[in-house]
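See the structures that follow.
Heads up, the next two complexes both have subunit A, just with different partners, subunit B and then subunit C.
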Partner chain A sequence: MKYILPKHELNALLERWSAEYAVLAPQKAGAYSEFLPFTAPSELCLEEPHNTRYPPKALFFPQSEAILKYKQNLGQLESIEAVPQKRVIFGIRPCDAKAVTLLDTVFAEGDNQDPFWLARRAETLLIGLGCNEPGATCFCTSTESGPFHTDGLDALLTDLGGEYLIELLSERAVGLFGGLTPANPTQQESVQNLQQAAEQALPKAFELDGLKDKLDRVFDQDVWAQLSESCLGCGICTFLCPTCFCFDLVDEAQRDTRVRNWDTCMFRVYSLEASAHNPRPTRKERTRQRLMHKYSYWWEHAGKLGCTGCGRCVRYCPVGLDIRAMLRKASAYESEALHAN
Partner chain B sequence: MPTNPSPRNPYQPTPMRVLRAYYESTDRSLKTLELSFENHADSQAFFKKFNPGQFCQLSVFGKGESPLGVASAAWEGDFVRFTIQRMGSVTKALHDLKPGDPLGMRGPLGNGFPLADWKGKNLVIIGGGCAFSTLYALTKHVQHPQNRPDFGQLVVIYGARSSGLCMYKHDIQSWYQRDDMEVHQAIDVPEETWDHHVGYVPDVVKQIAPSPDNAVAIVCGPPIMTKFTLPALVSLGFPPETIFTSLEKRMKCGIGKCGRCNIGSKYICKDGPVFSLAELNALPADI
Partner chain C sequence: MTELEAKIRTEAARLLSEGLVDVVVAFRKEDAPLRPQPAFFTNVEDLENLVYNGLCANNLANYLTRFPQETRIGMLVRGCENRSVNALVVEKQHSREKLTLIGIPCTGIIDWRKVVALTGEDILAYEDSAHTLTVRARHQTFALPRQELLHSSCLRCVHPNPLSADILLGEMLPEGDPALIRERVESFEALTRAERTAYFKQEAERCIRCYACREACPMCYCEECFVDHNTPRWTESGTTPAGTHAWHIIRAFHQTGRCTSCGACERACPMDIQMTYLTDKLGKDMWDSYQFAAGMDDQTQPPFASFTLDDKKHFQVGGKQS
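Up next is the complex of A and B:
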């Protein structure tokens, strides 16, 4: 069922939710936007044609998080309990919501599920905002996602100018919204047209069909050296990536705390072993790992593609490396160089 | 949407205490720690899961964690043995521990050796350097009178750079008296009092030429040794499905979450550390 929410009623709704939930929404944060506790409608950034710079994965998997307290000399341990908190994340883009479901395959499935992730997931609702005009760096339609996809969402909002059309996708969302006016056929039709137009506006970034096999075949080829030539190894592509999950465990001795911090396969020390051997000694191997993890390995360990086409790695790369072009080049290399003979 | 109620914190170590600590090598680069459990329930949980070839994350609080292979068999007693090469800050801190000192342990982690699949087979155990520790656990396991009938012939080939670096000396010396196994020890260069093999492990393997008939070979050693021993076994007629090795990579979580130790889509911590050569051949060359 689809409903209508006039935009001037949004503030009252967010305030009503705030009585029961911690409400997080994209708000101004310096020169960018970021998911922050909702303060005032004037701070909201819902009209931007792109997602927040800082990925909302941080709301479930913080950049730095204490996982253990200990008493160094006594060897005493104190577990840190993961406490569920009722939250509404409002205005998350479909690419980022889908990314959360991809991270579920890492933290919430199989053996050794992560209690910190589970606690934050359990009582958090994701209210999505579709993208009427996807940005120039967006490529969700090439990665099995889309500007109005609903994976991971409890509800999806479509901006109709003066109002939002709301698609309720879970029981929890029905309780959250409640008492809305159903959308009339004209409104429903204009949403359909708008959604189609947005999907069609996005050009195909690369051919996903067969891409995994092509990447597997060029694993030991020189193409990776070419693709990584201008990379600085700063790691921003992975820190801002909504599906990157690598972390480090570090003892902060002064606080008697063991901490989990985001880490990146783009750093040399990431894979450096105690013997000084490094399986990924140069940016060539590290770039290969980043791309192959998302576009090959993820298929194998989760049966899904590990990229949602959010475009952050393209938008914020300091040297303008574009994963879309890198994948096209690797693919072309496979077609040309490997089949030349 | 996951709805599982809060599970146990998998990053929380089990409290342990140093029971015994002694140097394994004359240069003091290798030290063995035998750890006892602070809580009986933890001991029961450990031995319920433990299989030779598995590893643990040892914690020195304030320094961090280090992944180390278990060097003892379950029947040896209510303790867990590790032989630790002093390399960085955590292993240095582990070397500094004295009997009675507390530390943390997470594990057993990883798959361990596929002992059920090896039932009735002859075992050719080939180790080099401190990587022999998990093979020592395997040998001890097989030697137990209850387990010995499960396996055929037992051949152990163990090489070290010098006699001073040979681990578990007294025990291995006693293996020469056993009539249910064959032992070959090697060092890289000749020493006056050394009356065993001299040479690199791959060459010693070629010289001894263990039979591939109804056999599995298990190889653990430094990468350079493994690199040359695997093809030596293949040329002796061992099919890749019967050659096993244990891999190492830098690790943090040990449970397939932190992303660090992957080779292709496999995580060494979770899907390994033990792989057959056939499995390795199917993975990208990222080690």
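Up next is the complex of A and C:
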């Protein structure tokens, strides 16, 4: 069922939820927005064309997290309990919500049952906000996602100007919203038109069909050197990425704590071995790893694409590298250079 | 193509075709709106992709240390880039004889985030002229006063002209007012200790330790950065206050007498963290104590990298005071 929520009633709703849940929403933080505990409607950033700068994966998988306490000399271990938190994450964009479901395949499938991830996932509702006007760096429609996709969401809101149309997608969401006015056929139709227009406005960034095979075939080709020549080797693209999940375990000996920190394949030290050998010695191999992981290896490991087209890596790359163009170039190289011989 | 762009392409083509350089380091047409990319040109045909405008945001001197010492590099340099090249030559990172500097007096780098804040992201085309940036967005065309879009470091720039270019393109510009950078440092110095601490914490604690500031900085070229060292480890590893404070303090003081105030660190930062207030303070101290500014020539060692018997030792009991 689809319902209507007048915008002026949003504040009361968020306040009602706040009594029972920790409510997190995109709020102003300097020149950008960030998921923060809801304080006031004036602080909300729901009108922006795209998502928060820092990815909401951090709400489930914090960048630095203590996972174990120990007493070095006594050999005593003290586990840190994962504490379930009752939370509503309001205003998450479809690309970021889908990313959370992709990370489930890393932290909550098969033998991999990460207690910290599971505890946070179990008690958190994701209330999404669709994107009427996706940004120029967005490319979700090229990555099996879309500005109104519902993967991972408990409910999806569509902005109709004066009100939101709400699609309830889980039992828990029904309880959360309750007592809403059903949308009339005109409203339902205008939402459908709006959603279609938004999808169509996004040009296809690259041809996904056959891309994995093409990338696999150019693995050892020079094209990666060209694509990565200006790469700085910083961690922006991976740290801001909603699906990158690599981490490093570090013993902070002075604090008797084992910490899990985000790590990134873009750093030289990521693949540096104790012998001083580095199997990915230059930016060429590291750039290749980033693209191949998302567009080839994810298919092999999880049967899914590892990118949701959120566009953060494009938007914030300090040298203007654009993963869409990189994929197009690698793909063209496969078609032209390899087949020419 | 602008007149200046045409001149740069002509010079780059001449250097490459006459075999005077192995590579020209400049900027390439963007893939993402407003974001021209640093690029290495090795053949003349590729130069049709060379662009130059106010949105070319990176300090190209950063790429100097990517090349072996014997590579003959042609490099586009604005005022700050030329000074960074000088500082790198002083530190023997490349021999000056192997460099051909194509100098451009700089009217300041446009901060793309300031543009997008006004126009939105959906930009179809733009044109950068002397005083105006014209942006054609999906729904509207904007004519924006250039001066209001400049990056904060550029607004305080003292030396916009390349100091030691081999080829100079464009008209020399008047020097900037050194009072601007000094006043900013003095206003920070004037804060109480608690206020300075609060400001430092507010900036440093947003850090996500992506090290874009390090990677964008021409002077951060260590094979192994102190934060990556693990035997012993010098700083806490995570994004805790202890970890981010250590990074920002040590990163800054490693720049003493070396930073040319180009602002590349802040332009790269994904979290809008202010960093130049620290490095500019160190720059002011170097000037006040030693009348030294980094990169003004390619010979003079920074005071902290040199030793003479006449050195001041005012920090030492019984040491020479002036």
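FYI, the second predicted complex is superposed on the first by the 340 of 341 C-alpha atoms of A that agree within 3 Å, B and C clash if a C-alpha of one lies under 4 Å from a C-alpha of the other, contacts with A are read in each partner's own complex, and residues count from 1 in each chain.
As a convention for this text, contacts are C-beta pairs under 8 Å (C-beta built on N, C-alpha and C of every residue); 3 or more make two chains touch, one makes a residue touch a chain.
These figures come from a predicted structure and were not determined experimentally.
Colleague: Have a look at subunit B and subunit C on subunit A after the superposition and call it: clash or fit.
Modeller: fit
Colleague: Considering only touches as defined above, state whether A:G320 meets subunit B (first), subunit C (second), both or neither.
Modeller: Only subunit C; A:G320 stays clear of subunit B.
Colleague: Check whether A:S230 is in contact with subunit B, with subunit C, with both or with neither, and answer first, second, both or neither.
Modeller: A:S230 contacts subunit C only, not subunit B.
Colleague: Taking the C-alpha centre of subunit A as the vertex, compute the angle to the C-alpha centres of subunit B and subunit C, in steps of 10 degrees.
Modeller: 90
Colleague: By residue count, which of the two partners contacts subunit A more extensively, subunit B or subunit C?
Modeller: B
Colleague: Touching A:A122, do we find subunit B (first), subunit C (second), both, or neither?
Modeller: So A:A122 only meets subunit B here.
Colleague: For A:V250 in the superposed arrangement: first (subunit B), second (subunit C), both or neither?
Modeller: In the superposed model, A:V250 contacts both subunit B and subunit C.
Colleague: Taking the superposition as given, tell me the minimum C-alpha spacing from subunit B to subunit C, whole angstrom.
Modeller: It is 5 Å, taken between the nearest C-alpha atoms.
Colleague: Starting from the residues of subunit A touching subunit B, keep only those that also touch subunit C in the other complex, and list them.
Modeller: Common to the two interfaces on subunit A: residues 248, 250.
Colleague: Quick check: in the complex, which residue numbers of subunit A touch subunit C?
Modeller: 30-32, 49-50, 53-54, 63-64, 133, 135-137, 229-230, 232-236, 239-240, 248, 250, 252, 254-255, 259, 261, 264, 267-269, 314-322, 324-325
Colleague: In their complex, what parts of subunit A are in touch with subunit B?
Modeller: 67-68, 70-72, 74-77, 79-82, 84, 104, 106-115, 118-119, 121-122, 216, 219-220, 245-251, 253, 256, 258, 260, 263, 265, 270-275, 277, 279-280, 285, 289, 292-293, 296-301
Colleague: Flag every residue of subunit B that touches subunit A in the complex, lowest number first.
Modeller: The contact residues of subunit B facing subunit A are 1-4, 6-13, 15, 17, 61-65, 87-88, 91, 101-104, 222-223, 248-250, 252-253, 255-260, 262, 264-265, 284-287.
Colleague: Would you mind writing out the residues of subunit C in touch with subunit A in their complex?
Modeller: Against subunit A, subunit C makes touches at 28, 30-33, 35-40, 57-58, 62-63, 113, 117, 120-123, 208-212, 214-216, 228, 236-240, 243, 267-268, 270-272.
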